[in-house]
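Dropping the structures in below, format is structure tokens.
Each of the next two complexes has subunit A plus one more chain, namely subunit B in the first and subunit C in the second.
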Partner chain A sequence: MKPVLLWSDALLFLLLALVFAGGWWSRRQAHLRDAWQKVGAGGTAMAAATVLAAFLVVGVLDSVHYRERLPDAGNEPGKGPVAYSNEVLSALDALLLPLKTRTEKTYSAPLATHLFAKESLDGEGRDFPRLKHGGAHLGAALDGHDGDVAARVVIGFGIGVALWLPLWLFARWRKFGGSGTAIRAVLGTALVLLLIAGPVASLAAGYHVLGTDKVGQDVLYLTLKSIRTGLLIGTLTTLIMLPAAVLLGILAGYVGGWVDDLIQYLYTVLNSIPGVLLIAAAVLMMQVIIDTHPDWFATAAARADARLLALCLILGVTSWTGLARLLRGETLKLREMDYVQAARAFGVGRLAIMLRHILPNLMHIVLIALVMDFSGLVLAEAVLSYVGIGVDPNTISFGAMINAARMELAREPMVWWSLAAAFAFMFALVLAANLFADAVRDAFDPRAVK
Partner chain B sequence: MLAYIVRRLLYAIPILIGVNLITFALFFVVNSPDDMARMQLGVKRVTPEAIDKWKMERGYDKPLLWNAKAAGIDQATETIFFRKSARMFAFDFGRADDGRDIAREIRGRMAPSLAVALPVFALGLFAAVSFALLLVYFRASYLDFAGVVLCVAMMSVSGLFYIIGGQWLVSKIWHLVPISGYAGGLDTAKFIVLPVIISVVGGIGSSTRWYRTLFLEEISKDYVRTARAKGLSERAVLFGHVLRNALIPILTGVVVLIPLLFMGSLLIESFFGIPGLGSYTIDAINAQDFAVVRAMVFIGSLLYIVGLLLTDISYTLVDPRVRLQ
Partner chain C sequence: MSSLLTVRDLSVAIGAANPVDGVSFDIAAGETFSLLGESGCGKSMTALALMRLLPAAARTAGGEVAFGGRSLMALPESEMRTLRGGGMAMIFQEPGTSLNPVMTVGKQIGEAIALHGGKVSAVDLLDAVGIPDAARRASEYPFQLSGGMKQRAMIAMALAGAPELLIADEPTTALDVTIQAQVLDLLRELQRSRGMAMLLISHDLGVVSRMADHVGVMYAGQLVEVAPRDRFFAEAAHPYSRALFAALPDAARRGGELASIPGSVPPLDTRFTGCRFADRCAEVVPACREAPPPWRELGEGHRARCIRIGEEKSALATRQEKPEKPGTDHVSSAFAPLLSVTDLAVHFPIRRGVLQRVVGHVRAVDGVSLELAAGRTLALVGESGCGKTTAGKAILHLIPPTAGSVRLDGRPLAGLAARDMQMVFQDPFGSLNPRLRIGDIIAEGMRALAIAGNHAARIGELLGQVGLAAEMAGRWPHEFSGGQRQRIAVARALAVNPRLLVLDEPTSALDVSVQAQILNLLRELQGRLGLAYLFITHNIAVVDYLAHEVAVMYLGRIVERGTAADVLRAPRHPYTQALLSAVPRIEADGTERVVLAGDMPSPANPPSGCHFHPRCPHAAEACRLDYPREVAVSPTHRVRCVLVAAVATGGPD
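Up next, the complex of A and B:
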């Protein structure tokens, strides 16, 4: 096994490190600690945060990549060159290995034991063929299907509660509730999530819980894999554009003069190009570059990753203007503040003022932008993938799933499960992000209307 | 006023030049015409002759910025930049890959785009402002809370869901309107009613919430308290004072969009088969027709700049304090 660090993994871990560092830093700043406590006291916000944390766990697991070692072909063990598979797997793949490998021939409904379409069986006319894996443990008779499903659901609830009890005891023991944090919302949401995850997991051991798609892949596996793509697009875009937006925004606001004019010109130009068209143009161009330089990428995953990052970069280029304008406006206000004037009178240099006196007081705007943009970007990914300028076709994403499944609504009876699964997961992710973002904005924005 | 408009229009020129340079850089410098030819021709048929022929047919065989071989003024004009990018200022977009004149195609496709976009714009604005006023009228009640929750939930649903779900329910299950297509004349209504409703429903969540915030900000101001103290009814306060004053921030967001209505909506048009500019763009993206994408980028930027100008002018109309100089 050989660990692989894709660029997007590295950036995601960098982002996590930044979040932890920011959290540690804000513990020592009274006003930031107060704001976070305000977020923590809100029931809705904490419930949303719990859901987001669950998504994040899946996303992070899916970002630990490695390449399997291939069995030595005919060589003595330990001798000869070590070969690694071309397929890049993640920790999530390893956990969900049964789901990943147990593919059927084509569509099958959730929890089904037979394929969705009739086929001619040898010598027995046309009928629904039996699935290879879904419900295979039932044997040929199949009489126990409903009872088996019910039993698995009950066992799943048991697993869910069993996993939840330690959390609850831990919360009681550390008396989290006393600190004003809405711990009950967290525990309640965690219980609901585990009560969903438990039965799903225990059913997934024997069935395709959300059915299979056109090429027989398990839809549950696809949706779980899509989470990483959504999270990456939602967070990395802002992370990538952040340095440029902060730098240019502060420069424009603090230095003023021709620097301000130039930066304003730059963002007016970028802003005036309709976003979708700029993205389309840039993605088309990026694709040409990627296609003409196949030697840059060791694996298909690295190539798909490059396209994903390119998409984040382009989305960032189209969206940094709004943040830069906000930061410029705020800097204009801050530079006239007494403490900045005092610093200037003491002879503090321009750079030092920008770094030490202006930048920390803009961080709440950056934080609000980071959380507010997230949900819009997740939704944008689906639309862009539909238009054909989204992620690489090999990347599993909500947009790709929807795109692949949307023609199937015309079938009679229709194939609804892939669409429903993609939309439901996306809805949960975006709703949680929206609720959490609102809470963060209310807590950090001094001008927010309650 | 006139002098202001003229100055703003002159200011638009450097911005358009900037847009032009960016698209030029994206389409011709980041990727040479050779790369484009290779991609268009596919892997199998790539020979140097085929590439040259492809470039000849489309006029990409000239130097990028400076033609040293030509004489006199031709040194600047016989180049890709002049032929392909500078000509756009005269609305000469050249031909698409299928040989049709792009400018003519765009003119023909504006009407279907507007037929959908205008009702969406007007109805959407009206519905969102009315709902926001309703929520503000019942502010801090369960109705307000439920409304906000509904807005957040509706914002969190993917736009694709509204389209796919709407088509499935209204067209496939209820058979009320055709699933997709377009016809001129009176038949238009039959085809645009569903896309219009879906667009309005899809956009109403976020705009209602945004307008509600604006109204609430306005309603906490002193002049509103004065108006109430005079004994004005809540309705008179809302419509006569709050709505009028909140119009200013609403206009900032809305007027800039009006010229862009000509561009149509990518998603709606392509799902409903409406032959407007949105579906033209999508088709061009899918066919990797760079000339069309470039033309659309240019027109979109132009319309955006017109929108900014209209925004400034509209301020003077609704807010007598603003003077354009």
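Up next, the complex of A and C:
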């Protein structure tokens, strides 16, 4: 086994490290700690945070990549060159290996034992063929299907509760929530999540819980793989956009004059180009570059990853303008504050004023904008992939699933489960992000009613 | 005497805190009752509770309010709505935000009239509140009106329902003294002609003295003293009331220390066991802290909540009347000036159109000359918009001057002179970066100017100098009260050992008692460090207490300057005379007051000739032609007025 670090993995881990470092640092800042404690005390906020954390765990697991070592072909073990598979797998793939490998021929409904469409069987006329994997353990005893499903659900609930109890005991033992944190909301949400995950896991061992798609891939596997793509687009884009927005916003607001004019013209021009066109052009250019330099990428995953990063980059380039405008306005207000005037009276340099007096007083806006933008970017990825200018076709994403569902919905009878699965997961992710963003805004916005 | 409004044991609760706690008073028809106290004492909250307009977080926790015999607390909201505006109306402190900016003034007043089924027209009401050319003004939007006119329009709106009681919450605090005088006169006049009762909320003893029939002093949510006006101003009984009087700066206390009240008003959620004022009281005895003091009747409706009344006379009264040190006022011109400013001008271009062509200039500062010697205080006095703050910043080169020269020790300045001149700002909440610790804030100047030495030790020393503890260096600005923040701002300025401080209204955002602390501090620092102060203010009483020399500014120019005695005792310019007489004073001196008509014109388009002639009661033909030259009426006293010139030369020009 050989670990592989894709660029997007590296950036995601860098971002996580930054978030943890920032969290550790803000523990010592009185005003930040107060604000975070306010977020922590909100029941809705903490429930949303728990859901987000669950998504994050899936995303992070899916970002630990490696290549399988191929079995030595004819050589003595330990001799000859070691060969690695062309396919890049992640820790999540390893966990979900059964889901990944047990593909059917084509569409099958959730929990089905037969394919969705009739086919001509050898000499026996047309009928629904039996699935290779879904419900295979039942053998010929198809009557036991309902009972088997019910039994697996009950076992699943048991697993869920069993996993939750240690969590609960741990929280009781360490007396979390003593400082006002809404630990009950966290535990409640965790229980709900585990009560959903338990049965799903236990059913997934024998069935395709969310059905299969056109080429017979398990839809549950696809949705879980989509989470990483969504998270990456939502977070890496902001990482790219942030320095530009903060730097240009503060410069325009504080320095003023021709610098302000220049930056304003820049973002007015950028805003006037239809965003989709700009993104389409950039993605197509990237595509050409990737296609003409196949030697740059060792694996297909690396190539898809490059395209994902390019998408983040171009989304970042088009989306810094809003935050920059906001920061410029706030800087215009701050530069007239008496403490900035006082610093000027000491002859403090411009850069020092911007770093010491302006930037720290803008951070709450930056934080609020980051959290609020996240859900918008996840949705943007879905829309862009739907129009075909999003991620690489090999990358599994919500947008790609929805794009595929376009054809499925037109079938008679309709294939609804891909769309429903993508919709449900995306809805949960975006709703949790939005609720959390609201709580963050309420806690950090000084103008909010206290 | 039957009372129109009766308030009994009114309490307001915000969570566990009681910003108003057991307040009782009566207002008779046609009478003015004044609630007096510092900010945070619950005055406005009381008024809002009467109107049942408390903010969402607050609720009336108990008590009874009867208006014209009807209990207000039990009234359904629909009847309460007709009573608001109809029975009792309210005007607020900030006229700028009380009017809807997208509706014409006439329409807004008309709305109020229609609501109460009145017969009068908006124009009549605007006329009644003394707005000239009312018909035209009624069709204008709030932004086209000056601050004074907006407040008049607000009063007109309050009158629309012909209320029996007018609640005025700091109605003139946001206005200049000359405009304040106009509005107070108007309120008096309206009250007399309509027989209205008035609840006047104010922190200004002068305003209260001028307007009130009865005075109630509030402290930390409670009334501590209630008295008829004359009794209150003759012999205030409660130590807090007396401390408020003693803290007022004026000429009589010059050179001496003001009696300041230590500390500040306790926060809302404080739990009290004894007297609420005990911690700040100079006459406190152990019994004060044991139980809440009961009311003491002193006759003629005068009562106070203090257990020590009648025991002995105040220690405060003896501390204040130190005689002025002779000679200190007349040493100025013997020395070479530290700062000398000649013909300083700051013009801001007005740009219009696509090409942003300059179509004119706002002459914020237009030829200001002044001199200031080490160890002296020059007060730059004027109303808002006269350019005094801009002049102060231009002297520091925080705003680049358009013309003129600033010399320090005779050397012309080309840019910042950060080591020699520093500034203290008006707003103690805006002048400290909330994200920096106190120590870092004070060290900023030393670091920026690379001043050698042990910064930590110097910060401790500076904090000690301004009356704070050295350990406070590690704290954040939000942990400090307004007065403490202003001390920190002074320490920050002193950190680089400047010789001159520009003080831009350093006390106008502070309460009287805290203002006294800061003024004492400034006076003491000047004596110890030999600092020169350029004191920018509109508060004549502070000038009288602190300044050696005074320069009066009007519309970007200095109209009169001289020693404090020259300008304040024998003002020669009509504007100075009007400004001084507009200041509400506690002692009714009986002299005829000069009330100026109209507002200050825009500095973008100043009147021809003498800028003051459109408002001047003595304006002559000559005033319209040229701006008057500066005339010396004595070696230290210069005036720019045609009339004064005529007197000085002894014949017609």
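Methods note: the second predicted complex is superposed on the first by the 446 of 450 C-alpha atoms of A that agree within 3 Å, B and C clash if a C-alpha of one lies under 4 Å from a C-alpha of the other, contacts with A are read in each partner's own complex, and residues count from 1 in each chain.
Keep in mind that, in the parts below, a residue touches a chain if its C-beta (ideal position, glycine included) is under 8 Å from a C-beta of that chain, and two chains touch if they have at least 3 such contacts.
Given the structure is predicted, the values throughout are model-derived calculations rather than measurements.
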item	value
First, second, both or neither for A:Val269, with subunit B first and subunit C second	first
First, second, both or neither for A:Leu355, with subunit B first and subunit C second	neither
Which of subunit B and subunit C A:Leu278 touches, first, second, both or neither	first
Partner chain(s) touched by A:Leu409 [first = subunit B, second = subunit C, both, neither]	first
Which superposed partner A:Ala30 touches (first subunit B, second subunit C, both, neither)	second
Touched partner set for A:Val57, first subunit B, second subunit C, both or neither	neither
Subunit C versus subunit B, contacts on subunit A by residue	B
Contacts of A:Asp338 with subunit B and subunit C, given as first, second, both or neither	second
First (subunit B), second (subunit C), both or neither touched by A:Leu379	first
Overlap of subunit C and subunit B interfaces on subunit A (superposed complexes)	none
In the complex with subunit C, residue positions of subunit A that touch it	30-31, 337-339, 341-349, 352, 356-357, 360-361
Touching residues on subunit C, where the partner in the complex is subunit A	393, 396, 398, 416, 418, 421-423, 425-427, 430-436, 441, 444-445, 448-449, 476, 478, 489, 492-493, 496
Touching residues on subunit B, where the partner in the complex is subunit A	14-15, 18-19, 22-23, 26-27, 30-31, 35-36, 38-39, 152-153, 155-161, 164, 167-168, 172, 213, 216-217, 220, 260, 263, 266-267, 270, 281-282, 285-286, 288, 290, 293-294, 296-297, 300-301, 304-305, 308
Residues of subunit A that touch subunit B when the two form their complex	265-266, 268-274, 276-278, 280-282, 284-285, 287-289, 291-292, 375, 379, 382-383, 386-389, 398, 402, 406, 409-410, 414, 419, 423, 426-427, 430-431, 434-435, 438, 449
